[in-house]
Every structure is written in structure tokens, then in C-alpha cells.
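Common to both upcoming complexes is chain A, partnered first by chain B, then by chain C.
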Partner chain A sequence: MSRKLSEEEYKKKLSYRMEQWFAGQRDPYLEHLRMKPQAERTLEPEKEEALRKEKKERLDKVYRISDNRPVKLFEKLYRIFCVAFCFFLVIMLLIAVSFLPSYGEDEKPVNNEVSRRYIEKGLQETGAVNIVTGMILDYRAFDTLGESHVLFAATCTVLILLRHDKKKGERDTEEETDRVYEPKNDVILQMVSKVLVPPIILFGIYVILCGHLGPGGGFSGGAVIGAGLILYLNAFGFAKTEKFFSEKTYKVLSVSALGCYCLAKSYSFYTGANHIESVIPLGTPGAILSSGLILVLNICVGIVVAGTMYTFYVMFRKGGY
Partner chain B sequence: MDVMNLFRNYEEAVAMILFGIGFSNLLMQKNLIKKIIGMNIMDTSVYLFLAVKGYIEGHKAPIVVDGVQSVEAYINPIPSGLVLTGIVVSVSVSALMLALTIRLYRRYHTLNLDEISTLLKKEEKS
Partner chain C sequence: MSVFTDILLLFLVVCAVAASLSKNLLNSILIFMSYSLVMSIIWILLESPDLAITEAAVGAGITSLLFFVTLKKIHAIVESDRKEKKDE
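Right, the complex of A and B next:
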């Protein structure tokens, strides 16, 4: 027969104290033990300094490689192992190469029906005279979209790692002012870049626009435009480039280019997810406004690449636009 | 192993040796920038290998000229596209690695990887 305890009786019991302690409300030893406050550590400043010095010396000795024989031995072994492994790797690869089909041969397994299809039907199906452009921007356009996103992600990471945000009222350290420091105006460089920059950028635009008609395309043309922008920046300094290319410009340009690419390629999902049969008129091969979406996609890729190149340079040089 | 074929495939062989050089650079150099250069040499060897694999003796670059559309006229376009992909990825990777190197240099004022790791361990202990 169970018996109900009164509350006071229950409070005296061990189980109640245990429960209280478990809930963290009460320490069972609170009344029995009293912690003494720790005595203030009194050491003469000289002695403390000596102790700290000794500790530092000990650490230095532990981590000095010239005193550490096992580490030295490991380094020697590591180098020997590296050389041996690289020789082994090269020899294995050379043996593999010796079994590959001969150089320049026609009857290779790589030259299969896929490349035959691209060469024989590429012009009719994509409208691009340049078969490689037709391949990467029409048959395999999603691959190129991924590439552009790889570039964009790399730029974002470099921005995160290297951007130099100065808070208001904070003085630059010597290192930071060193990065911002710009060379004085160089007349020769300025004259040369005045002559060279417009042709370089025009040539880049030509390469982008002719991607489907000949050698060229978004990646190479974008790199050329980026190089022209970098030359301009080197000659005239940040004060002039900031007027037309700031961080906001980069954001707007690259995000709108990538979004335009996504939208342009996602049309095929609404028309039955069939990439081969395009609903967009292909035009006459060889004309500038032909080959469906390839021109648009090339321009998008070119914008992303040019912005990326310029941003890489600016970040590495100054850490900000 | 067919030695004559190895000599006939000398471009591929050169690509493989370049790969080995880049890899040994990556393993043995202590300077971080030199390690990144080794990585770039490896990338270059891969481009060379891909470009050589797509080449066919006597055929032209895959740009349609005069309406000729036969396999006998052009080289294989697929490796060219793959090289393009490789170049883009390698640019991104080198930029990322160089940015990380700059951050490490700013923190430890050295590019030597051994020194950086000892400094790191010392920091953890003290």
C-alpha cells in the first residue's frame, strides 16, 4: 500500500535533491563545500618575463627543423619518394601512350559517330559555320552554362578572400596603403594605350560576334576585352576606370548575362525539352544574325569572361574596384 | 610495349612527361607560387594531350568551308570543346589558389609551406 508523502517530508528525501540537482536548480554540495577564492598570482615582472621567454625558446626549439632529426629524415625520404613516384607515374603513362592509336590516324575510337554527327549535321541543325561553337553552345549548351558559373563562383570566392573593406575612421596600415599605391603617370604607357586600347576592345567584340562564323567565341573574345580593360587601368589608374566599371557594374553585367543565358536555354524545356530541333529560325549560315541563339549566348559568355578577368586583376592588385 | 608507336606518338609522350614535371613540381617545391605553377604545367599538358588526340593527319580545323561537310575534311571537334572547358576551369582554379596564397602571405609573411605550418603549430601551442 503506497503512502503519499507530505511535501516537507518529500523535500528531505534524497530523490528530491537528486532531481533538483539534475534539473540544474540546486547544487547538493552548496552548503557543505565552500570554494576558497584563488590566491592572487604574485610574481615579479622580471621573473614572469623570464618564464615567458623560456617558454618561447622551448617552442622555438621544438619547431626548429634543423634540430629535429626525425623531421629532417622524413624530408629526405619524402624527396626520394617524390622523385621515385613521379618517375613511376611518367613511365606508366608512357607505357599507356605506347598502346594508344598512332598520332594523326583516322581510324581512332575517338572519331566515332558522335563527331561524325557533329560534322555532317552540325550546320543544318545549329546553323553555325564553326562546328566547335555549334557544339559547345547548342548541343552542349548546358555544359557551357556550367562553365560560366564556375567562372562566376571563382570570382565570388576571390572577392570574399581579397576584398578590402575599410571601415570609416579606420586608418590604413602600411601594407594596405602599399597595395593601393599607384605608379605616377607614365606618358609613354598612356600614349601607347591610347592607341592600342580601342583596337583591342574592338577586336574582342569582333571575336565574340564572329564566334559562329569563324575562329573565336565568347571565352576568347571576353579574355581579349578583359586584357584591354587591364591595359587601360594600368595606364590611367583607378580614378578613370571607376567611372565606367565599378563593383555595381560588374554585378549587374554578370548577373544579367548569366540570367539571360539561363532564360535563353530554358526555352527548350517549354517546347518539349528537345534541343536538337530548334524552334528559333536558324537563318542563312554565314550571316551575322544566324544560327539561332548562339550569338546571344556568345555575347553573354563574353560579358561574363571579360568582367571576370578584370575583377581578378583588380582584386589581386588593390582589393577593391 | 610498342617502342616504335611511342616514338610515333611523340606529342602524347611529351604531354605525359610535362604532366610528370608539373606533378613533381607540385610535390617537391616548398614555395606556394611555384606549386601553383606546377599545377598550371599539368593543366597545359592535359590540353596538349586532348588537342593531339583530336588531330587527324591532313584534315582542317572544324570550320565549314565551301559547304564541304564530310568527315574526311575536318578534325574531331569534341576534344577542342573539351580543351575550352579545361582552360576555363584552370583559370578559375589558379585565381582561387593565388587568392588563398595572398591571404596566407598576409597572415604569416612567408610563402614557404613548411614555415607556415610550423608557425601555425606554434600559434596553436602558445
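Right, the complex of A and C next:
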């Protein structure tokens, strides 16, 4: 048989307390456990004096080098061994260098059939007038793909290490970023960069686009563009560069460039491994639209490198876009 | 031509030693920059213009820029300025 409990009786029961605890209204430990503030340490003055003396003696024993004979001996020996090791290294390296084949000599291991093939058939097989670009972006494109990914991974590491997320309402301090005094409006720097930045970026684009025709390529052109962007940033401040290059731009650009590289390269790997004739024409050597995929790969590498260089600089400056 | 190359190589060695021995970090970076520039000229003389462009852009340009920013972050540049002001 059930009977109705009065409210006071019910409140004493365990089930009531359980229910309240589940609902989060009551903490079962609230009145049973309490943190006691730590009592202040008190010592007799004599004992404290003795303790301090002992500590000082111990520190002196470790840090005063003039009294510490083993440390002194170690320092002397360390210097002697340093110099000896440097000389040993220099002599070893010089001996190793003396065994290298002399520059440009025939009948040396460097002049084997691999380089002969690159030189003789490079233009015919890759369509690139610049043999170096033909080598790094066609014969050895897999290495270059890894290189671009290493750059991307380096940016990610810099992001992890240097990124500084501001909480809402928090203001920049001079310690954390040097953006506080922007815009600095240095007239000389602004005028010079107005004149210099467009040619620098144009030259970078030229180096990227003509990578298969003359000296240059994605990496160097991207670095030139990155340097131009950094100069512009220094002259005009973050407010202007954020309009066209934000974190989102960097993400989209680098990920799409790396993906494009992977796609283009996997196509040529697929056709090459299965002995299928590639659809992409090599074009006439010397024309800007020639040499198959090399131009696309150059542009991809250039975009990744330019974004990476700029992002490095921004991360070092203020830890975030 | 070979005399010119020898002078450049000698300059390279001098730069390398000076960069490691210089007490001021800013000077050391500037010396490193000039090292990279001379290195890029040597790359051209060795007939590899691709490497020369990369060396000039990365070695002399971006690496030194990152070094400068790092020095500013650790207040190495500012403090030397203050010292100069005190001397005046």
C-alpha cells in the first residue's frame, strides 16, 4: 500500500536528494568538503637564517666557477676540444673535396647516360627549351611535388608555432604585434615601393611563365612575387594588403594549387606508366604555350611559394592575418 | 675572368667568417645578405642562372627579411638604437 508523504518528510529522503543532484540544483559535497586556505609558513628567525645560508652555500658551490675546479678544467678542455674538432672537420672536408672530380671534366661519373639523355632528348620529350625546368618538372616532377608539400607543411608548422588568436575585445599590445603604430606612412618607403612593387611582381610573373623558355621557374618566381608583396605590406600596412590577400585567400590558393599539381602530375604518371599517348600537345619549342604540363605546374608551384613566403612574413610579424 | 672568380670566392670566405664573428646580430645579417648576393653572382659565372635567381630572391631577400623581423621581435634592433641614443 502506498501512502502519501508530507513534503518535509519527503525532503529528508535519499531519492529527493538524488533527484536534485541529477537536476544540478544541489551539490552533495557542498557542505561536507571545504578548501582550507594554506597557513602561512612561520619559522624561527635563527632557523630561517641557517636555511638561507645553506642555500647560498649550495648555489655558490655550483655557480661560482672560480672555486669550482672540475668546472674550470672542463671549460679549458672544452675550448681546446672545440678548436681541435673544428680543425679536424675542416681537414676532413678539404680532403673529401680534393677527391671530387674537377669541374666540367669528361669521363667522370657525373657524365653518365642519364644526363646525356636529359641533354639530347630533353627538348624532344618534354618540349621545354630550358633543360633544367624540363628535368625538375617532367622527369623528376615527383621530387618537386614533395618540395611543394614540404613548403606547405613548413607553413602549417609556422602557423602552429606563431599563431596568436586574439580574444574578442582584446587590443593589440606592442609586445605581441608591431601593428600598433600602423600606418607608419614612411614617405620615402611608400614612393619607392610605388615605383618598385609593380615591376617586381611583373618580373616574378615573367619568371614563372617563362620558366620553360629561359632561366627561372615556379620556385624563384614565387619567391620574387612574395618579396614584392612583403615590400608592399611594409610600405602600406596590413589594412591594404588584407583587401586582396587574407587567410582565406591563402588557403584557397595554396590548396587548389597543390591539388591542381597533384591532378596534372597524376595524369602524366598514369599515361606514362601505362604507355598511353598523352593528349596534351607539346607544342612548338620556344612558344609560350608549349611543353605540355610544365607551364601549369610552374604556375602552381609559383602560387604556393609566393603565398608561403608572404604567410611566413605575416606570421613572424603579428602571428595571424 | 678567373681572377674575378677568385676575388669573389675570397669575398665569400671573408663574409662567412665575418658573419659568424660579428658581435652585432644586425651586422651579421647584413653580411649574410651580401654573402648571398656574391653567391648568386658566382652561380651566374658557373652558368646556372636558375639557381642565381633563386639565391638572390630567397637567400638575399626573404631569409634576411625573416631574420630582421625575428630580431625586431626579440628586441635586438630596438635596444641597440636605445644604446646609441644614450651615447649621444
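Going forward, the second predicted complex is superposed on the first by the 221 of 321 C-alpha atoms of A that agree within 3 Å, B and C clash if a C-alpha of one lies under 4 Å from a C-alpha of the other, contacts with A are read in each partner's own complex, and residues count from 1 in each chain.
Throughout what follows, contacts are C-beta pairs under 8 Å (C-beta built on N, C-alpha and C of every residue); 3 or more make two chains touch, one makes a residue touch a chain.
Because the structure is predicted, anything quoted here is derived from the model rather than measured.
Superposition note: with chain A as the common reference, chain B and chain C can be accommodated side by side.
Of the two partner chains, chain B is the only one touched by A:Leu123; chain C is not. In the superposition on chain A, A:Met35 makes contact with neither chain B nor chain C. Judged by the touch definition given at the top, the superposed model places A:Phe219 against both chain B and chain C. In the superposed model, A:Val132 makes contact with both chain B and chain C. Contacts of A:Glu105 after superposition on the shared chain: chain B is touched, whereas chain C is not. Once the two structures are superposed, chain B and chain C can be ranked by residues of chain A touched, with B on top. In the superposition on chain A, A:Val207 makes contact with chain C only, while chain B stays out of contact range.
Look at A:Phe316: by the touch rule set out above, it reaches both chain B and chain C. The superposed three-chain arrangement places the nearest Cα atoms of chain B and chain C 5 Å from each other. Chain A residues 130, 132, 214-215, 217, 219, 312, 316 lie at the interface with chain B in one structure and with chain C in the other. Of all residues in chain B, only 1-3, 5-6, 8-13, 16-17, 19-20, 23-24, 27-28, 52-58, 61-64, 69-71, 73-74, 76-81, 84-85, 87-89, 91-93, 95-96, 98-100, 102-103, 106, 114, 118, 121-122, 125-126 touch chain A in the complex they form.
Contacts from chain C toward chain A in the complex involve residues 48-50, 52-54, 57-58, 61-62, 65-66, 69-70, 72-73. On the chain A side of its complex with chain C, the touching residues are 130, 132-133, 178, 207, 214-217, 219-220, 223-224, 226-227, 230, 309, 312-313, 316-317. By the touch criterion stated above, chain A contacts chain B in their complex at residues 55-56, 59-60, 63, 65, 79, 82-83, 85-87, 89-90, 93-100, 102-106, 108, 110-111, 114-116, 118-120, 122-123, 129-132, 135-136, 140, 143, 147, 150-151, 153-155, 157-158, 161-162, 175, 214-215, 217, 219, 285, 312, 315-316.
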